[in-house]
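Pasting the structures here.
Next come two complexes built around chain A: one with chain B, the other with chain C.
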Partner chain A sequence: MNKLKIKIAIFTAAGLLLAGCGGEINKGKKSNGALSANVAEKVYIAPGEQDDYYAFLSGGYSGNLTVYGLPSGRMFKEIPVFSQFPTSGYGYSEETQPMLNTSFGFIPWDDLHHPDISQTKGELDGRWIFVNGNNTPRIARVSLSTFETEEIIEIPNSAGNHSSSFITENTEYVVAGTRFAVPVPQRDIPISDYKGNFKGALTFISVEPEHGHLDIKFQLIMPGFNYDLSRPGRNKSHGWFFFSTYNTEEANTLLEVNASQNDKDFIAAVNWKKIEEYVNNGGGEMVTASYAHNVYDESTHTATSTLKKEVLTVDPTMVPGAIYLLPTPKSPHGCDVDPSGQYIIGSGKLSADITVHSFDKMIAAIEAEKFAGEAYGIPILAFEDVMEGTVKSGGLGPLHTEFDNNGNAYTTFFISSEVVKWKLGTWEVVDRQPTFYSVGHLMIPGGNSRKPYGKYLVAMNKITKDRYLPTGPEMEHSAQIYDISGEKMELLYDFPTHGEPHYAAGCSADLLRDNSKKIYRLDANKHPYAVTNPADARVERDGNVVHIYMATIRSHFTPDNIEGVKVGDKVYFHVTNHEQDFDVPHGISMIGAQTSELLIMPGQTKSFLWEPKRVGVWPFYCTDFCSALHQEMQGYVRVSPASSDIELSWTVGGDLGE
Partner chain B sequence: MKKASVLMIIGSLMVLSLFVFPMWNIMLGAPQYPEPLGINIYINGLQGQSEFDIQNIDGLNHYIGMKTLPKPEDMWEFTVFPIVALSMGLMGILVGILAFMDKLKPQWFLYWFVLMSILGVLGVYDFSQWLYDYGTDLDPNAIMKLQNPDGTPMKYNPPLFGHKKLLNFDAYSYPHIGGVLLWIGMMLTLASYFVGRQSCNYK
Partner chain C sequence: MKRFTIPVLLVSLVLFACESDYQKATKERVAQKKAEVEEESKVPASERITLDNKGVGPIKNIELSAQIDEEMVKRGMELFKTNCSACHKVDKRFIGPSPKGIMKRRSPEWIMNMILDPQLMVEQDRCAKDLLVEFNGAAMANQNMTEEQARDILEYFRTLE
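Now for the complex of A and B:
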């Protein structure tokens, strides 16, 4: 009897074991990461409920910034920054075309890379988010109350504005480093004269504390390396900025081989406070330059573009003690500073290991004047003197590291396609999870600040392949959310992203939710062509230029019948939305107008140009389903021959003037 | 009698709270208005619960042909009611002070209360008349002309008190702080009469 009992017990145990194994195997096979019911609950935001975090994902070659919620992965908005956006008329409307002006003229596109949220004392303050345009170097400031682009400044002497747009811990500066070294100033020389002639400009743009206005304070004209990414010092290292470099070989062709020869490149440590002091005392050289500064004014709803003519440059050798080079293995990409400001993490993208430098060791080496050499007059510190530890990751191709609030770091590995969690101080690997596929950057809300929110991690993958239903050769990239609140990371969810997110910034929903504007005040509208009272709606002619001062409110345009327009006229529609109710935009478009529609928020004025080419009666209509009578929201413009002498007139419902 | 007079003075002062707080509140919620629109009715005019609510309610009401909500100059009530309330409040205080100085008997508290009640009832009647007129005197060219199942034109007057469904809107009408304080104040003046009479009886 006893024996039987034991046998049953053994069989039962074996059965359990088998079941356990089977379960594990199936789980692995099925979904490469497993989604069980309780995981689904972690990302499920019930209808009508809201996410806990905002995530701002760069759009890469879309030129724009996208706003998502975490943990749901739902996209809320695409904020146009560097690219024309027909959805709202950004870059098409008369008011916003100047936003895309550059020293090269109007440029309808850029490659948006790295969002960074403004900070006070090293913590996210949610006033603005800064982003960089990589191709035609620019930095933009986006308001986090209107979620619209308010300012764009072009960066002269720069090309491939990649180690940007990261901010110092009180938003004193937004920093823009060049990826390409270029002749400074630009001139006609053989490309092979690269060495010594090409320079790498690191630009410090001051941020005016009240309105956030941008102004280039100085450009540090560094040796012609390629400056890849950067991070501010924080806490104890506040006042420093760290830039990763590659191509310290200064190759100008076939970089994939020629820029990969040096065993170590550098992380450049820049004491910007020292340089700030130097320029405040009259240091630096003002040189001729040409760059656009575009500012959008919320009260006039209009952008203006100013071409600036000079910039203050600083020769690094003129400020001794301000810049040091930290040897870092294998073309480092990410250059990340932990929340304490003590560790500077270099991710040598061609190596297996992650190199951790110590800020204290760096300062000690500088104070002891222990230099291993110099490059173009800039002291190089000895690797052994600054290196604090190496993470033997077991992965390949580390790119970028962020942090949680419990002393852990998380590094993406592009080549081995995984996120590796490791411990600061012990450099031990704690966990690793595969990504699908080939992760570039990752983001932990607040991960680039003193105070990360260590709840979720978003991995932004470069390759999508089979993660979603196929949509032909081209498909959106894919991001993945991991729960990082436990010892082990847990993959929760995949979601497609727009363009190519190169980085993201996230913050708690509470930081922004209540500051988000609902309407623009009509009584604060200072647009020169606004009509704040429908009775003032009118049409004016000045030669062959016709200005239509139009008002909209549910569900009509004032005026909606216009006569006296002629072929060859330039007709400007200036449309003011008189609604003062949340989420009641009106749109407008005119048949044959060679531009986008306008989407006009309550209290706002926008303008588009229509050049009528044919005689006839041509309709316009509201493009946004604004109300039950949206479909009735329409009007006509009568276009007469150029020789016609029909007077201008305008009416709505038979009223108004002529 | 001193205690009663103090009650009378406090009660009358509370009438004057009408100059600070709204008397009444009407809220209009609908699926697409998760934050309801609201009207606060002050003794001297209407104000939106949020800044642009009046404008937005007018904007919606134009579809069904309702008149725009009245500005202070559009209704005599917004001029007369403040005068009446101020006079009654001051008169009540005066009665209270005189009674405190033993110049008046507690019956005066009751006289004041009865007069105030009559005026109050008239005020509420007038208010309900306005609500009815506002909700039923519709533009014959209204965009949407809706009928009840029996074929009569639909009426949109908000409820005098409580809840009413108006098309896609749920309307809620309740006293606001000013109205509540007025009520409490009047109860205090009534109480002051009984308290005063009791203390007189003791004497």
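Now for the complex of A and C:
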């Protein structure tokens, strides 16, 4: 027993030593910025549990929008918007190819930057999310019930559609501003004639309240500056829209130097209600233009593309009192409006400071007609008259600002890789946290509305470097989640994103969860090639065009044996998924088809084209593991020579059960 | 050390004795169950008459009117075509059994429960489980029918003598 006692004593001592070591290790880790156990708990969503927030991160050059959960940072879905997406067949299927049509023809890609969720009375309402395509200027509307792209409208007279796609506080308009000034209308002139000849179009697209359908209401043809970012007024400033500008020098070469000459550029304040009234009373000039408007219909599961031929333009000098220029230092990038609508924040990206303008001061200066000058007939207000405060941050390269619900603002600093928290009204810096690395946008759910949810902040970085296991020269960008519910920001988690996220939008999970669609009703399917009764499944020939009207359910295709197809035929598979149960898609792919597979949701119809080039018997199969008998879900098409006189025939089951 | 060993051995002996009794009872139950299963499975599930079995699911009791409701039959037939006919053919056995004569084999409650929650039925109902095995493991799809729709389909089945 004495021996035992000694042993116990030794073990206890060792335990204490170990605990001591553990403590030291933890302390060391903490000072290196890693997580203690209680921080880990804050992002831990147990298996089967769900996140509190949705986050929609732009995919940048992926052309798509990604859906994440917060605080876990788990990615739930990639929503194809401007890019072909073989995973679902978007942009490949016959139904969705028209979504990517433009006045330049079919464009399979774009650069998606700024998601914004629809609002009512300045609060997120969760009906739609709007996104912009930069390169071939487009605005898209994505349903937050189906999480599918429902509409894309091209923006004429625009180039580098960057100060987009931000909405007014009742979703009256989605706004798209040009980054690059261009000749309006486009014409063959020397590039050196830029100054005075190139224009910047700011486009106000009306959103029809019931279905969200988009229509260009008017284009404001502004001076040829670069319009960088924009935000709506809200509350008291509702009816105004604010756009940051750079290159007010109107340089057409080496902008890196030439667009940084002026000490101040402008934030353009646009009273869109005034212009709306002018247009409603017959103002503006209808001009020739060419732009595509693509609409996806949920009942036919099909998109149609219409080429529009004219657009209403407005000369800003024709609507006095509607547009003013607010001088703002050092090529402002972000242009953010606080939840009260009082402060307009310009982040001069070449500056260390953040400039805050006051809406009230702006109105007072306008009413007193205190102008410091004009640019192309547009009044310039005096900087001192509109500026309310300056945030002396000590950081470098401020870019974007979001807000919480406690009167705080959070600004990203690209060059000094940090998020700085400061107080609205006193402009004092209260906290700063490093980001990893070179942060661009940040997002607080509801941060661009009257009512932010001040719980989490997501910082989206441009550079990843050592944050994850290396994957060759190219890596996904990193993002960090911070808890902002306390006085100090707390780094919680680090997660990779997809493509290049620019801006993001987020909202409470409760806003969307119950409206998320589970199936498409088969009895509401109005697709012209749908088969809602498997007895109608058939194959029809019209010259060398063959239409296969096919039905699927676990786990067979109807029909699954088809003969009488010939080399040189154009064979369309129109496949209707007869499942009516949540999360039971079927897929289909055909050997040699020069397109993607299709992934067909319950109750949906999708089509793809196959042009058989070789004689033989060729199989098709279900690409989605749909059931225990998924591997049996397959069929054959017999392809005969072009000269063959074999009649079309189709069967399923043959003499099964007879 | 010896002081410890004796009680431990005693406890072990007691445990062994208990286990023997338990094992015996279990063995009997298993044997009994096996006999039942062998008896039942001589008849294929599709041919068994289980009219007393209401199945598992939302439908506890259904009273059928003497007269067949033609409006319900019409709706039920349309629903059947769209939602069921890919796997169930009236004139033959296909992916699943034919609904012809089903009212003579199954209770109305069992039929509606099978339409409304096939997964629960396969998990908990003996006949549904055996049908799954008999039909090659092709699980019946939940077509998200409402109780009214399932009732219409049932009325249509009444016409399939």
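FYI, the second predicted complex is superposed on the first by the 622 of 658 C-alpha atoms of A that agree within 3 Å, B and C clash if a C-alpha of one lies under 4 Å from a C-alpha of the other, contacts with A are read in each partner's own complex, and residues count from 1 in each chain.
What we mean here is this: contacts are C-beta pairs under 8 Å (C-beta built on N, C-alpha and C of every residue); 3 or more make two chains touch, one makes a residue touch a chain.
What you are looking at is a predicted structure, and each value in this text was computed from that prediction instead of being measured.
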When the two structures are laid over each other on chain A, do chain B and chain C clash or fit? clash
Touch check for A:E563: first (chain B), second (chain C), both, or neither? neither
According to the stated criteria, A:E95 is in contact with first (chain B), second (chain C), both, or neither; which is it? neither
Chain B or chain C: which reaches more residues on chain A? C
Could you look at A:E402 and tell me whether it touches chain B, chain C, both or neither (first, second, both, neither)? neither
With the two structures laid over each other on chain A, which partner does A:D338 touch: chain B (first), chain C (second), both, or neither? neither
Partner chain(s) touched by A:E78 [first = chain B, second = chain C, both, neither]: neither
Which holds for A:T532: it touches chain B only (first), chain C only (second), both, or neither? second
So, A:G653: does it touch chain B (first), chain C (second), both, or neither? second
One more residue to check, A:L629. First (chain B), second (chain C), both or neither? both
On chain A, the footprints of chain B and chain C overlap at residues 519, 553-554, 579-582, 628-629
Interface residues, chain A side, partner chain C - complex: 519, 522-523, 532-535, 551-556, 558, 578-582, 584, 627-629, 653, 656-658
List of chain B residues in touch with chain A within their complex: 35, 51-52, 55-56, 59, 63, 143-144
Where on chain A is chain B touching in the complex? 519, 553-554, 579-582, 628-629
Footprint of chain A on chain C - complex, ascending: 81-83, 85-87, 89, 92-95, 136-139, 141-145
